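What follows is a short report on a single structure.
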Amino acid sequence: MKREIPMIITFVSGMAIIIALFVPHPPFGRVEETFNNWYIIISGFTMILGLNSLLGHNLDKVKRKAEGWPYSLTLILSFFITLIWGIVSTIRTGHIFASTSTFRNYYYTYVFVPLQSTMFALLAFFIASAAYRAFRARTVNATLLLVTASIIMLTQVPKGETVMAPVLGVAALLAVWKLMSEFESAASWTAGLPYLLLSIAIVAVYLPIVEVLRTQTTAVNDWIMNVLQMGAKRGIWLGIALGGIAMGLRIIFGIEKSYLT
Amino acid sequence: MKFFEKLAKIDRRIIFVILAITIISPFLFNLTFKLTPLEESKRAFNFINSLPEGSTVIISIDYDASSMPELQPMLEAVLRHIFSRNLRVILLGHWAAGVPLGQQALEKIASEYGKVYGEDFVVLGYRPGLQAVIINMGKNIHATFDNVDYEGTPLSKLPMMSNIKTYEDVACVFGFEAGNVGEMWIQFANARYGVKVLLGCTGVVAPDLFQYRQSGQLVAIVSGLRGAADYERLAKHEAFASYGMTAQTFAHVLIVAFIIIGNIGYIFTQSKKRRSS
Amino acid sequence: MGLFPFIFALIVGLTGPRNVKVLDKPNDDGSAVIIEWDSASVTPAVKMISIYKIPEEMWGHGSIKVVDLLSRNTFRYVDTQVKPGKRYYYYVRFWGEGDYIDSKIVGPVVPKAEWFHKERLPMLVVLLIYGGLLAYFLKRIRKGEEVYIRPIAGLQAIDDAVGRSTEMGQPVLFILGLGYINDIATLAALSILQRVAKKTAEYESELIVPCFDPVVMTAAQEMVRSGCFEAGRPDLYNQKKVFFLTNDQFGYAAGVDGIMMRERPGAIFLMGLFFAESLILAETGHSVGAIQISGTTSITQLPFFIAATDYTLIGEEMYAASAYLSKDLHQLSTIKAEDMMKGIILATITIGVVLETILTLLGKPIPNYIKQFLEGGLWK
């Protein structure tokens, strides 16, 4: 029974939502809205569960003097300082963010805002290190990704088109170098021929491509973003949508039971 | 060829330090580029510039501290322009934790121009409900905010608000967006009530908004730090965004340079490996 | 309407609303009526608009003002304060400077609750085809047919990652992202969590699960518990290791990064919905030398995961995970149906592109009924 009842609830509510999609007539029309309201109410109460878990977990660490317990202590103190300061400020000024509220003028401005911005700002550093590590010309596909990403990055900044020629020049040189080393180590002359031809092609198209990129920077950027990028994205979306429907149906019909334990 | 191996495996801490220096230096030496403002930024500037004195602009703060470096300088540049033109401001927001950022910018710029609360600007603050708030404002702005400003002062006591009842009485909505609230302004305020909407947004959000610009539902998009720098330049008051833009440009070029260096190292070590094998 | 305002209105050039129409809002539960008027009749003299309703039982006893004042740019209003099956009459009033003109009374309109949302017929057709395919493959599997699913590297690597982490004596970290329990990606992530919990219990390794949402946390605790049970080691389940961190995006990222730096996990799983914090998590994970397996349906974050983690489950691969891992034939049959459906959609797109290209080359427009069927307009 412990398994059957949740399965019945899932089936009934899942079917009700599907029916509501096609039948606007009462009592179906408002089913989704009603379910959403229930969810909001329930999830509001679960915040208490979350707090209990957070404070319990960290209090326990402090009590046991477990490794890193000062961090837990910091967390507990920060939690109560924020809570009490917020309440006191609200009582004294009528609004937590009133212009005379000390919560706003000290805590929000000098603690909350810098902390939040700092975390987000870390992204710049991580993008740099991840790009450096990941954008390697390991395969043909990776090389294409590398070149496209460089073009997009340079079209986004002022005067980017002026450095386009040297950047692509270095990229072309590297590509030719790699292809020639492939050609050199190829088993026979005929097996190496494609590498040689490709190198010649790269040298031949370098100047026209740089010229197009320099003069048509925005158009190239738009084309990459609107055609190449959107096409790939839509393909993935299609898969995600179908996978989502399949997963939903699996859950509703009780084929997938892993969420019931 | 130990050198190339090192190039292929630069310690990330070295990358971090070089990037940090690159980003900080434009601020230390006040370096700026001579930017040619984008057409979009010019449209926004010209639109605000064309409003008759005394018109009211609704400013919506739909971001929080994480997007502050991009949007706060933009907000300040726009506010400077608005107050220099003797326009009025109603500030509200749909991101509860971000509205105080807007308030702080507004108070700062208003004091620069000697503007008075209640006469030249009003802060309505945050109300939960997003779409419902935007729709209800089209019927009655006072009632939507329970007839009080963010501190509980009755709107009837603020002289500026006596003539402002619906979107009909404001010149435009200028939203500052880090998420999808901008689309709500377009879909509900513009589509239903015909109010003109301008959006300033982070660079990441901009691609999602261009379709509305193409369909004419948006007056203009000021996008990312570049847009903010453009606006500062147009308003002839270069500040944080202009230096930030220089930093961003350097950072982009630096990342591309790192990618190239990494590849030089990779390709040379690979070919060496192959030779030795 | 009094005589004075009428004469006054004539002098200042205020004209009344023309072509006022009322209609029952289609495809709804009978709780709305649409009132429309000619946009050309809104002259500059019109300052505001208000709408009046006369329910049948009040006929001859006055009217109800529906909205206080609408701005002059409005040409359409939806009244949602009506009951299905009752009769209503409406009129529209244009306000000038203190004067007004009313339209003729229009109606009656009877809001009707409908049994089928006609615009959604194409959706129903697709759903039925999909459902049919599901049933068909389920039947074939019941007959004992074998199913082949291509290997998914990210899922195959789960056992190795947990194994390696155990060898190094380091814990396993499972990050469920910022999704809520009603996001399918989170449900998929939970079923992967169960598998990971089973493995860590088998290897007697430690598993840490910091959560963003308390409801997800509760579900995650159940998942880890059942994983331990399945491995026959219920004693290894520690509820305190599956805990709530915070409901703030970057607060969560900071907290998880802190856990990575202190605990130095040997394997990190990033599964579920992620936003701007994805790379902050993945790069920190890489810096502590962990094997990282990620999976998400947030397309914008996929490039970051592909760049920074060792294995990435792209979109639907995540949804296939529980079927793939459990090797349950019924579940696998749904993946077969999904592939078939994808084939049908791709074929439809290809036919559409070819047809449109041919028709454009011939200089002929696309037949309207095809467009209308796809947009649902044929059934309005």
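Read from first to last, the chains carry the letters A, B and C; within each, the first residue is number 1.
What we mean here is this: a residue touches a chain if its C-beta (ideal position, glycine included) is under 8 Å from a C-beta of that chain, and two chains touch if they have at least 3 such contacts.
The structure displayed is predicted, hence computed values, not measured ones.
> Can you name the chain that lies farthest from subunit B, using the mean of each chain's Cα atoms as its centre?
C
> If you tally contacting C-beta pairs, which pair wins, A-C or A-B?
If we tally the C-beta pairs in contact for A-C and A-B, the bigger total goes to A-C.
> So, what's the distance in Å between the C-alpha centres of subunit C and subunit B?
27
> How big is the gap, in whole Å, between where the Cα atoms of subunit A centre and where those of subunit C centre?
Centre-to-centre distance between subunit A and subunit C: 17 Å.
> Distance from the CA centroid of subunit A to that of subunit B, rounded to the nearest Å?
So the centroids are 21 Å from each other.
> Which subunit C residues sit where two or more other chains touch them?
Counting only residues that touch two or more other chains, subunit C contributes 250, 276.
> In subunit A, what residues contact two or more other chains?
115-116, 119-120, 127, 129, 131, 133, 135
> Quick check on subunit B: which residues sit in contact with 2+ other chains?
Subunit B, residues with two or more chain partners: 12, 66.
> Considering only the defined contacts, which subunit A positions touch subunit C in the complex?
Subunit A reaches subunit C through residues 18, 21-26, 28-30, 39, 42-43, 46-51, 53-54, 56-57, 60, 67-68, 71, 115-116, 119-120, 122-123, 126-127, 129-131, 133-135, 233, 236-240, 242-251, 255-256, 258-259, 261.
> Please name which positions on subunit C make contact with subunit B in the complex.
67-74, 249-250, 276, 287, 300
> Using the touch rule from the top, collect the residues of subunit C that touch subunit A in their complex.
Checking each residue of subunit C against subunit A gives 27-30, 84, 113-117, 120, 123-124, 127, 130-131, 134, 180, 182, 184, 187-188, 190-191, 194, 211, 213-215, 217-219, 222-223, 225-226, 240, 243-248, 250-251, 253-254, 258, 262, 276-277, 279-280, 282-284, 286, 297, 299, 302, 304, 306-308, 314-316, 318-320, 322-323, 326, 328, 330-331, 334-335, 337-338, 341-342, 345.
> Note which residues of subunit B are touching subunit C in the complex, please.
12, 66, 138-140, 165-168, 192-194, 204
> Considering only the defined contacts, which subunit B positions touch subunit A in the complex?
Per the stated touch rule, the residues are 10, 12, 15-16, 19-20, 23, 33, 35-36, 64-69, 97, 99-101, 103-104, 107, 125, 150-152, 203, 207, 226, 245, 248-249, 251-256, 258-264, 266-267, 270-271, 274-275.
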